[in-house]
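Structure first, then comments.
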Amino acid sequence: MASKSFYAVIAGVGAGTGRSVAVKFSKAYPVVLLARKPESYNDIVAEIKQAGGEAIGISTDTGDPQSVAAAFAAIKKEFPNKKLAAAIYNVGAGRAIKSFLELKVEDLDESLANNARGLFNFAQNTLPQLLESVDDAPHPPTLLITGATASLRGSARFATFAAGKFAVRALGQSLAREFGPRGVHVAHIIVDGVIDIPRTKNYTVNDGKPDGKISADAIAESYWHLHQQHRSSFTQELDLRPYVEKF
Amino acid sequence: MASKSFYAVIAGVGAGTGRSVAVKFSKAYPVVLLARKPESYNDIVAEIKQAGGEAIGISTDTGDPQSVAAAFAAIKKEFPNKKLAAAIYNVGAGRAIKSFLELKVEDLDESLANNARGLFNFAQNTLPQLLESVDDAPHPPTLLITGATASLRGSARFATFAAGKFAVRALGQSLAREFGPRGVHVAHIIVDGVIDIPRTKNYTVNDGKPDGKISADAIAESYWHLHQQHRSSFTQELDLRPYVEKF
Amino acid sequence: MASKSFYAVIAGVGAGTGRSVAVKFSKAYPVVLLARKPESYNDIVAEIKQAGGEAIGISTDTGDPQSVAAAFAAIKKEFPNKKLAAAIYNVGAGRAIKSFLELKVEDLDESLANNARGLFNFAQNTLPQLLESVDDAPHPPTLLITGATASLRGSARFATFAAGKFAVRALGQSLAREFGPRGVHVAHIIVDGVIDIPRTKNYTVNDGKPDGKISADAIAESYWHLHQQHRSSFTQELDLRPYVEKF
Amino acid sequence: MASKSFYAVIAGVGAGTGRSVAVKFSKAYPVVLLARKPESYNDIVAEIKQAGGEAIGISTDTGDPQSVAAAFAAIKKEFPNKKLAAAIYNVGAGRAIKSFLELKVEDLDESLANNARGLFNFAQNTLPQLLESVDDAPHPPTLLITGATASLRGSARFATFAAGKFAVRALGQSLAREFGPRGVHVAHIIVDGVIDIPRTKNYTVNDGKPDGKISADAIAESYWHLHQQHRSSFTQELDLRPYVEKF
């Protein structure tokens, strides 16, 4: 079932959305996982291989253009004949949650580097490949971008995080408007809630109600749906939140 | 595969989205089609039956509370033991496109009746049933609402149409916020483009590019995806548009 | 200072925004106050006259096209040679705040009639007059529309109120886009908070902090600013809320 | 009439909005003008002085925290006893308008530095001063931020510019939500159109219609109105555009 001629790449792989998206897309394509530290992707690579899929991990700092270029050079070497079917940008950092006057300019820089600059570098490397896949990919080549509540709303104490997430959304819109007409599907997903991962196990959200945290596997289903959309009916933006989440 | 204990109801069935959604949902549930005139649903009912599905059509004016109540009484009689899995409100009218000073108050009334008042009546009848399905339906019970470009933007010459569509979106948000926490998934879909149906066959849109009109079947795939979403990860709103559509 | 050749008309005059806007605009123009009941405008007419201004009140049901037409016929008779400088639509009703399943279709109808239908009727009567004033009015002729929090957000339990307010916003945008280029300034003001009027005297909002309710006179200052804006720099929408209001 | 105990500071002073805002606020307060190059503010300082106002210019790179801190140290020395009444952030750069694949990461960095990082540095230095003015300033202390069309919309070929402007808007919202309740008015102004300045003299916009470019003096009137708003009725965001501008 899996296409051997195309691959998918996921930047920002850890315990949550990144892992689930990688596993989901690995049913259809060999997948490349990018994360700063190998410990973020090693277990997922193993999990995918054990399930019969193909996966490689590459240590990458998406905020750094050289690091991203090196990662894609390594991919080219690893998969000399594969074309890119889907690229998912799921890096998020810069979550300093503080009163504005306690924030440092470094907090802003970290948020901008990992969110906006990271997406910029990732898109510079993936869009030319996605364009090359337009004519023969099984689905319209896709660039999916993970957003957050802070993509739409600058809350008190979230100044620098929101700055990074708003900037990502701006890039996503610009890319959708420029590359959509060329056949590449660019979509932005607003994840509005706490994801149910080991790190959030002890968080009490939504009064502890069942399914009050977002299942990362459920997120991955929506990413896959976006990837499958027919080019006459692309979604540019959708939100995902638990049924009990206030919004 | 189809659930015999649950049914779906689609209001506003014609050649486009309504037909495709009815056909798609009929693979899983018996479906009830509501439209003002039997000629709007007769062929679709026949098509679904021929494919082995179950379908009935009921002539209904959604803007009229009595007519909607009568339709749901008829459904109760037809399906005395079935519960409601999904309700789709796809009625759209009041598309008078005119300079504001050429519009009559009747144009506004028609738009409000068919958009806002129709959804109100439909939701009053379906939400109690959807609540009763929360515990045992195959997917979270779902109310899906079709919007348009004019749901987000009041363009010149679209005053009354936009008024109706904005009002529908308001209702949809309120219902999502009230009934989401009770387990019912309420989502609003912004269809931003011309749908590819016989009536639009001769429209030249997006410079006549291939797939420049939206495939109604592609829309139905996204409606089905929304219906399938896990309750920890509901989408409240998404847009659908051709890859070549300006936005 | 007041122009004798131009007048302003304010629909929806009561204790709050309507009164303050009428008083403010009466420093510059004779003003006509429309409200359903004379007791809503009688005191304000007296107050303005006592301060040396000119004012008349006309009992009008803005949701009813005949009533609005009759009001403007009466104005024509009263002010046969005056042109219209500013029209303010400040009618708001349909504030049934209830669980959706407790609402009746009449609640929706009331909200749509007083919000959307009322603005439609008011705009049908004022826009032709405003267009006639473009060349010689002291400021660009202006149609100002009062919105609310519910103009932007359909909250739980506000379904019908939000439907009416969203529809008003849609009309406002359409009118701005159609009549702006013809020289008429159409603006929508989102009043996001409780107004400080006798009726709200005992409401505790924003923890009872000073100035936690909106001063209607402060609102009127912003309406006047909008009226004065140069045509190269029109505002289409602004929000007004107390410094302590959560948003 | 001018307050001698308070001053205003404007960052990003050139031929357009910055100059007009400086001149307008100089009627009420001594003003400090910040720009990278002295030639950007020298003439304006002279113009204000000639009109009887008080003004100083300080060469500042707002993207650089040290440069901004040095500027405010210089202000403290110049005005040892003055408190801050209003701070206006009007810096905009990074306007590379190019196809995404022609953009360099430096284009993004420039946009983020001058927009988001600059506002961050400016706000870090001005907010503590604005907080100190809450109790006795003639108007609620104000931080005004200039936005653009690209603050709301990521258009094709505007990826990096929009990223910077979206990030600025995020910061503005966060600051409004955090500092509004403490008495500081933070507002964001979306300037949607071409400003009428010498540099744009030969641009044909809006079919060359009169007043089709925005008067910078008209913008300054709205900034001054925002500064004067009562704290019970703060505007967080407004748009400004020529009557003939498409939107």
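We just call them A, B, C and D in the order they show up, numbering each chain from 1.
To be clear about the criterion, contacts are C-beta pairs under 8 Å (C-beta built on N, C-alpha and C of every residue); 3 or more make two chains touch, one makes a residue touch a chain.
Quick caveat, the model's predicted, so the values are computed rather than measured.
Asks: Suppose each chain is reduced to the average of its Cα coordinates; what separation in Å results between chain C and chain D?
Replies: Distance between chain centres: 31 Å.
Asks: Once you find the CA centre of chain B and the CA centre of chain D, what distance in Å lies between them?
Replies: Centres of chain B and chain D (C-alpha means) sit 46 Å apart.
Asks: How big is the gap, in whole Å, between where the Cα atoms of chain B centre and where those of chain C centre?
Replies: Chain centres of chain B and chain C, defined by C-alpha means, are spaced 34 Å apart.
Asks: Got the chain B residues that touch at least 2 other chains?
Replies: In chain B, the residues touching two or more other chains are 177.
Asks: Answer with line, ring, star, complete or other to describe the graph linking chains that touch.
Replies: Drawn as a graph, the chains make one closed cycle, so a ring.
Asks: Between which chains is there touch?
Replies: Between chains, contact exists in these pairs: A-B, A-D, B-C, C-D.
Asks: Under the touch definition given earlier, write down the residues of chain C that touch chain D in their complex.
Replies: 140, 177, 180-181, 183, 185, 193, 196, 211-215, 217-219, 221-222, 225, 228-245, 247
Asks: So in the complex, which bits of chain D are touching chain A?
Replies: The contact residues of chain D facing chain A are 65, 99-101, 103, 105, 108-109, 112, 116-117, 120-121, 123-124, 127-128, 150, 153-160, 162-179.
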